[in-house]
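A, B, C and D are the chain letters, set down in written order, and residue numbers restart from 1 in every chain.
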Amino acid sequence: MTLLSIEGLGISFGGLKAVNDVSFTVKPGEIVSVIGPNGAGKTTLFNMISGVYRPGMGKVVLNGEDVTAMSPHLLARRGMCRTFQNLQVFQSMTVLENTIAGYHLQESGHVLSDLLNLPASRRRAKAAEAGARELLKRVGLERAAEREAGSLSYGSLKRLEIARAMALKPKVLLLDEPAAGCNAVETEEIDHLIAEIAASGVAILLVEHDMKMVMRISNHIVVLDHGEKIAEGDPASVSRNPAVIAAYLGAENAAG
Amino acid sequence: MKTFLTTTALIALAMPAMAEIKLGASISATGPAAFLGDPELKTLEMLVEDLNAKGGINGEEVTLIAYDDNGDPNKARTFATRLVEDDEVVAIIGGTTTGTTMSILAVAEDAEIPFISLAGAIDIIDPVKPYTFKTPHTDRMACQKIFEDMQKAGITKIGMISGTDGFGASMQAQCKTVAPDYAIEIVADETYDPKDADMTAQLTKIKGTEGVQAILNPGFGQGPSIVTRNYKQLAIELPFYQSHGVASDGFIELAGTEAAEGVRLPGTALLVAGLLAADDPQKPVVDAYKAMFEEKTGTPVGTFGGYAHDAFLIMTDAITRAGSAEPAAIRDAIEATSGLAGTTGVYTFTPEDHLGLDLTAFRMLEIQGGKWTLVQ
Amino acid sequence: MSELLQFLLSGVTVGAVYALVALGFTIIYNASDVVNFAQGEFVMLGGMITVFTYAAGAPLPLAALVAIVATAALGVAMNKLAIEPARGAPVVSLVIITIGVSIFIRGAAQLVFDKQIHSFPAFSGDDPLRILGATILPQSLWVIGGALAVFVGLWLFFTRTLLGRAVLATSNNRLAAQLVGINTPFVMTLSFALSAGIGALAGVLVTPITMTSYDVGLAFALKGFAAAMLGGMGNPKGALVGGFLLGVLEGLTAGYLSSQYKDAAAFIVILGVLFFLPQGLFGRKSTDRV
Amino acid sequence: MRLTPKSVTLLALVVLIALSPIFFPSGFYYRIGALIFVNALAVTGIVILTGWAGQISLGHAGFAGIGAYACALAPVHWGIHPALAVVLGAAISAVLAWLVGRPILRLKGYYLAVASLGMGILISMVLNNERELTRGPDGIDVAELGLRGVLKDAGLDLSNGQFWYFFCGIVLILGAWLALNLRDSATGRALRALHGSEVAAKTVGMDVARLKLQAFVISAVYASVAGSLLALQNKFITPDVAGFMHSVEMVTMAVLGGVGSVAGAIFGAAVLTLLPQVLTVFAEYEQLVLGAVMVLVMIFLREGVVPSILRKIRGRGE
């Protein structure tokens, strides 16, 4: 049973093929990681799947529906949510408000009801706040609830972004480098969090640089290089794949 | 907020306490009508100083409390309220534009304070309101004066090019209303924005209109100067009329002697002071004002400063005659003004007429060789 | 036929004025992403300082030079006192700051100069040139020539000189520009001096046509801003095309439709263009980076 | 009851409006108060649009113009009561904002600024040029609201100045209450969220285009009602109410006081309304001072006066 299926996705920027003909599938409760050297096109791929970029070719199918190039807010209604590599939190709002924002689809009613502060609006706001506090507890940020998000540490912001995404109760969660910039302890915390979310039946698509983490938690790995899928399989088979080793060594040699 | 209010209160209290007769003014000394308001304010300040140096009115000193309303009617209303409620003036002069005048008028009428406006529209005094008077000719009279002249020349079809500012738009509308009285048909009707750089498109369109015999340009500021230059540029040979809005030497200078040659407009005695007959009733007052203003400011007199001069003259004359600085007494005395020569004309107010001028006060002028001349 | 030509010439004259003002916007925007609403005041200063210097007895070319240099110096002062200290402020704050500067300059001008309308003689006389039955004033050619010259100068500056590229680099990424050794404070100073100087030059060229007074700046700024946005902010080609397009539109609307609504036509076209090209005609396309 | 920032703001507002008249040396101060309240109402709309949703408008005076002219024209031409004309003006403004907002809110930054500027100029142009209907730049009389007479018959005799002071004050309190409700609601949170990051707002399911449009429409209604109140109070209105400088004034008031907060907006409105009154003695320098204040506040109190001061106080408290 496939939840998310990527079919021949590709895009070019100014004649340069950033991603070309990439296909794979994700099942509920599965953690699929996309790896590859810097500039392999991982984030671009994510941006296409999540509707930020319009793909030049291919399809994204969610739950049997073609959702290619659909606006992110419509994808959210269909159960897809994501986090960002370079952090997109609402800086001038409190941590709690950031998390409540994740409840937007459940919380929002008519704007007139909001203006007049009608009981319906109050009730929904209260429910969202309760849920948000619960989530903050789960990611360990309950003590920071009233602080302005901009004042949090990098690792905390990463967890905040995940909490906000979880508030949507997504079927598919796209995580773009959730552990980047985190120390070992923080990485492990995020590690557990992701495993827990997957265990609850959410399909997780992950871009991550921390190879140890990827190997530890992934069920399935897709490897990109120069925008092309060069390998795919379980962690063990991928780590032995000569093409993958060559790509990484090549990249490191070039970088070094 | 409270501290600000107290600050204003202190400033208000700090006004000189020796004032005997408090005159209020709300003038557009800055903003889009500054071209008109600036000489008006300078005139009032100069005249008050001069009056007090001569001993004031009936031995009492006159204090002028003048506010700059930026030509904003909303501000004008606020300043009028301040003049009435806070400064407790006995009369108000001002309202450079019709918009600001209408705002002040409402306040003055409510508070029963006499008010002399410096703006053109006929609506200000028609219908007559008990406390409101005005010194400038109405723009309708300017149209009538011009159309009279056209009629004499046998002109029946004209084109108009008007500014979209209050002055131009109001006169444009009035001219359209009275044109049929003079058997004149307006066959082309164009406008320009006061800040436009070039009006050849509009003039070309008018020029190309079938049967146009003359062109009239109501407006003030730089617009009419540009229209006049474009007129010459397009070599339009038709008689060209400007409005009293540009009746000052500055217009000839800006439009250029060559381009301005032959332009006719209805003006006041002020522009042709040197040409007035020795027995002209306006001659003494015109000469005196011209000399005083030009010495004081170093800029040539214009019609608009003259309006302020006349308003001040009427006001002080009325207070003198009333022998009292009570608003109601002043009002009655203004309404009884008769045969008072100002720079604009000779004023005679009646309960039915709060303008007090007729068409004879306008003189048809023509520019020749860079000088104003009287059309006989 | 000669009517159409006259409408076009009228439009081109006005358009050249807009283009000159719009070009002034380009440099500051390129260096700092600030749209300087005080640009119109530079135009006013160019005209007014020339008027007063000329009236004081200086020959016209010298008076014009004084005006351009003085205005450029003022531009530098504006950068140092009002723009540099507000680095990183949101767009709306920058709009308020530059409008504040423009109100300040206007307030100062009314005190230093006066509230009268002024002009000075056209450079090559007032005898109109005739082209197929239509006419144009020699001064209009000066303005058109000025706009073209400034455009070519800017285009060469931005594409052919190291300094011009440094300006562009500073706009794209200030930090990176600093890292590769570009003296960014100097680039900013230079851009404000250039922008103000071009604004003053515009004022010198257009005053014999439009006249000047202490409060003409706002109208210039609005039309120049509209022209620059129509063409796509930051691109000298956009400023030039936007300016002429706006002017010709106004001329044709005044001639064929309604002179009352010629400004309306201009803004409707701007709204229409932005609807299809949200970055203007020649603007840089931007993508969200996430 | 817990003292939330919302109830503190509202309480302070009520107390200020109710008690300030005790200190008024003359009837003129009622006029100033009423003007401050009207301006503050319009600026509260800007707070919603610019402060929370992060969208710039340089054309909101256009909506004030619609509200004002609805009160001038509807009673004369269609025999509608002035009070209903306020509602009519607000409805027209809302519909227009909805129609115009859809295309222009796709634009960002300066492009949105120029588009909204164009919209405002078009409205003011219609008011200036359609002389047959609006009587052009010289302005038009506005009918009496009539509520003061009703109150007088009911035994509450207020001067004209007093009536408008309290009437506008009450409308402002209502407007502030609605805005503060919105701020902490799902919609308000979403507006502030999309200001922070549009792309993140989208990923949590926020319909960004629709939200921006809602903010635009709401702020247009605020401006429209403010315009109506101004017209009814002055009993006379000119197209200046829709002019570019009025739009700039609204934004300036909002930004000076603190565009993110309703209290800041009211403060900004108060300062800029009082400034010309305080400076009358130095009227020549008014422009100079206004310009300098705008620049200095934006440099030294970036978030606006009220939020910057609150932050300093809080910072010291910690």
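As a convention for this text, a residue touches a chain if its C-beta (ideal position, glycine included) is under 8 Å from a C-beta of that chain, and two chains touch if they have at least 3 such contacts.
Keep in mind the model is a prediction, meaning the values are calculated, not measured.
Number of steps on the shortest path from subunit A to subunit D, with steps defined by chain touch: 1. With centres taken as mean C-alpha coordinates, the chain found closest to the middle of all protein C-alpha atoms is D. If you average the Cα atoms of subunit B and of subunit D, the two centres end up 35 Å apart.
Per-chain Cα centroids separate subunit A from subunit C by 47 Å. For this pair, subunit C with subunit D, the centres built from the Cα atoms lie 32 Å apart. With touch defined as above, residues shared between interfaces to two or more other chains in subunit D number as follows: 129, 199, 286-287. Under the contact definition stated at the top, the residues of subunit C that touch 2 or more other chains are 110, 260, 263, 288, 290. Those residues of subunit B in touch with two or more other chains are numbered 29-30, 164, 191. Residues 29-32, 34-35, 38, 164, 190-193, 195-202, 204-205, 208, 221-222, 225-226, 229, 232-235, 250, 253-254, 256, 258-259, 299 of subunit B are the ones that touch subunit C when the two sit in their complex. By the touch rule above, subunit B contacts subunit D in their complex via residues 1-2, 4-9, 11-13, 29-30, 67-68, 70, 72-75, 77-79, 81-82, 84-86, 97-99, 102-103, 106, 110, 121, 123, 164-166, 169-170, 173, 191.
Contact residues on subunit A toward subunit D in their complex (touch as defined above): 50-52, 71-73, 75-77, 81-82, 84, 88-93, 97-98, 100-102, 104-105, 107-109, 111, 114-117, 121, 124-125, 128, 164-165, 167-168.
Those residues of subunit D whose C-beta lies close enough to touch subunit A in the complex are 178, 181-182, 184-190, 192-193, 195-197, 199-208, 214, 218, 260.
Residues of subunit C touching subunit B in their complex: 3, 6-7, 9-11, 13-14, 17, 110, 114-119, 126, 128, 135-137, 140, 206, 209-211, 213, 215-216, 219, 250-252, 254-255, 259-260, 263.
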